[in-house]
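Heads up, the next two complexes both have chain A, just with different partners, chain B and then chain C.
And then the complex of A and B:
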């Protein structure tokens, strides 16, 4: 299956880029990591960690992020729900207070959960 | 001479066989009686009240979550103006109001909305196959101190279980299959934490409500003229911890039967409590309940009320890999029925009889 990546255009202002990853619609716990890559996909380090009560991660100043790629890997933690419950993870890319992009990851960003932790992935690049 | 010895041997073998058979039959009866002491009166709210009052519990339940699930299920139930009996589904009808985990932990209404489960089921009437019985019910867990969502220390431990697998940066194009394989050890660690959490919170304070109503659908039709009220039940229960090993359950159940045959029970109400203690190789259960049985025929002399009492203790015999139980109990003040006397019994068996639930 081909990897999908979202290209998100930054605004021409100095405000830092902030990534918010949260399960706001349903009471689910999440945990995960954000990885940064150069434009040729070379690993460029850890961009931050998120969990249920730490859902905002500052990625940095726009000038330093131009052309960088980001991979979000996360897990929705199950609570042995019977009957199963719904989950939905929303990824929001902000610059200051402006929302640049918001979406539910296509790769298992929403669905049903019962007695197995569910994984999700999301890829994006930031461009000026 | 040889004939005499042979005859004696055959006679002894026959006596031994008959005696062993009699002992086994007696033990089977005693085991059944003890099992009835332990399970005869339910002290909790059924996990799905709607299915509890159906004559046959459905073997397969469809869990509805999305509008698409509803659409598909409704289509599969109906064939023209009639429906196919045997369907069963459940849904959390108020889950959309729950909100985030933060809101869930701050707001009582949010927690109740999330936990509430509505179920609908049907079964063919065993006495009249032309009709179907349809039941709808709801279970409302009001308080649940064993709810893992409310225990942020537990949630943090689950999050920490994934710390290690997020330590090494993967390829940007890592497939989901590879990602899943990478986190497999963390999944196992998290599941082990959940098992420990369940073990240590099995008897936490809980308050549950439940109700169910059942109708008869003439000729499997849902319209107003074809539906007749059949049964209604209300359950309430509260569970309290008694040290780490024990649990006290207090409960009340009210049930009515609208179309009971003449001179048969039309309502039964039960109120009582049960305490149970569990150790590795032993368990003890004591329970008492007042039961009221009403008769709609107008003959109040048929109404009955009795006190149910049972005390059961069971021990493991490791050498035999079996359990032995001693029980004392029965119903006092009951006019009819085989269980009307208090009695003492004992039995041995393979698997423990007192369930931890």
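And then the complex of A and C:
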């Protein structure tokens, strides 16, 4: 599957960018990290971590994030479900309370889970 | 205490304003009293539902037992096949209903949900009781309400999932045991450490079939027991590996 990166346009307001990652349709445990990169794909450190009970991560002010790339790397933890249960990870990029973009990651962002953890990834960039 | 201090610092309302404030206070007290009544009523309703369910299962069991004894007795003493068949059918229907609806599982699930609900409500009311900082009261109340709604939502979802996952046993295979064997509950020490456990690679459907749990409550218990350790383990592994290429 080709790696896709979503370009998300920020609004012209000062409200901070917030990332929300949650398994909304079925209660599944998720955990993971968000990595930040410069526009030339140079690693720029860790932008935050998320867990089932901490699903909102503030990425920072729009001015500082223009052109930055982000990689969401997460794991849906299995609970030995039989029959396998469905999962769907929803990634929401907000600016303040406004939803800029909402999407289920194409790379393993949804499916069924039984006895193996499922890794999902989501790439996006923020532009003014 | 802090509320009292702040009230002392506030200027005393005069005339009409004071009347309106008293009216508002009386209204708030009325709302609180009504809320208290609702909480008691909900609690009674939950207990009554549980007792009714328990009584109905017990009645079903007693009907099955009595009708089976009567069927045997009639079969030995009464040559008429109709009465024996009726009693025997009633007995079989009762016992089949018991096996198919699995009352013990249902009762266990209900009791756990009741405890969960009690804990959530206790937390909510305790938080309300200890809020005393007027400068943050809006945020505190909002947080408490959001937490309560999230807990109730999670409970409702788990309950729905439990009902959705419920599958009556087929006649060809024995009913799965509700209590899983001890090895299905690995202790935290058995959780793969960050050093040894590889990160799961993106792959398709799960292929292996180790012993599975059959109950949603088992799933919830496992989740409560293991998820924090497993989450930490995954995060440690990600930190240790470092930032990947984009």
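Worth a mention:
Simple rule for what comes next: the second predicted complex is superposed on the first by the 126 of 128 C-alpha atoms of A that agree within 3 Å, B and C clash if a C-alpha of one lies under 4 Å from a C-alpha of the other, contacts with A are read in each partner's own complex, and residues count from 1 in each chain.
We adopt the following convention: a residue touches a chain if its C-beta (ideal position, glycine included) is under 8 Å from a C-beta of that chain, and two chains touch if they have at least 3 such contacts.
Everything numeric here is computed off the predicted structure, so don't read it as measured data.
In the superposed pair of complexes, A:58 makes contact with neither chain B nor chain C. When both complexes are overlaid on chain A, the residue A:14 reaches neither chain B nor chain C. In the superposition on chain A, contact of A:86 is made with chain B only, not with chain C.
After overlaying the two complexes on the shared chain, residue contacts for A:73 are found with chain B and with chain C alike. When the shared chain is aligned, chain B comes close enough to touch A:23, but chain C does not.
Common to the chain B-facing and chain C-facing surfaces of chain A are residues 26-27, 29, 31-33, 35, 37, 41, 43, 45-46, 49, 51-52, 69, 71, 73, 75, 77, 79-80, 83-85, 107-108, 112, 116-117, 119, 121, 123. By the touch criterion stated above, chain A contacts chain C in their complex at residues 26-27, 29, 31-33, 35, 37, 41, 43, 45-46, 49, 51-52, 69, 71, 73, 75, 77-85, 107-108, 111-121, 123.
Remark: chain C residues 154, 157-158, 161, 165, 184, 199-203, 205-210, 212-214, 219, 222-223, 227, 230-231, 234-235, 238-239, 243-246 touch chain A in the complex.
Taken together, the chain A residues at the contact with chain B in this complex read 1, 3, 22-29, 31-33, 35, 37, 41, 43, 45-46, 49, 51-53, 69, 71, 73, 75, 77, 79-80, 83-86, 107-108, 112, 116-117, 119, 121, 123. Residues 61, 63, 65-66, 90-92, 95-96, 98-104, 110, 114, 117, 148-149, 152, 155-156, 158-159, 162, 166, 169-176, 179-180, 183, 186-187, 190, 194, 198 of chain B touch chain A in their complex.
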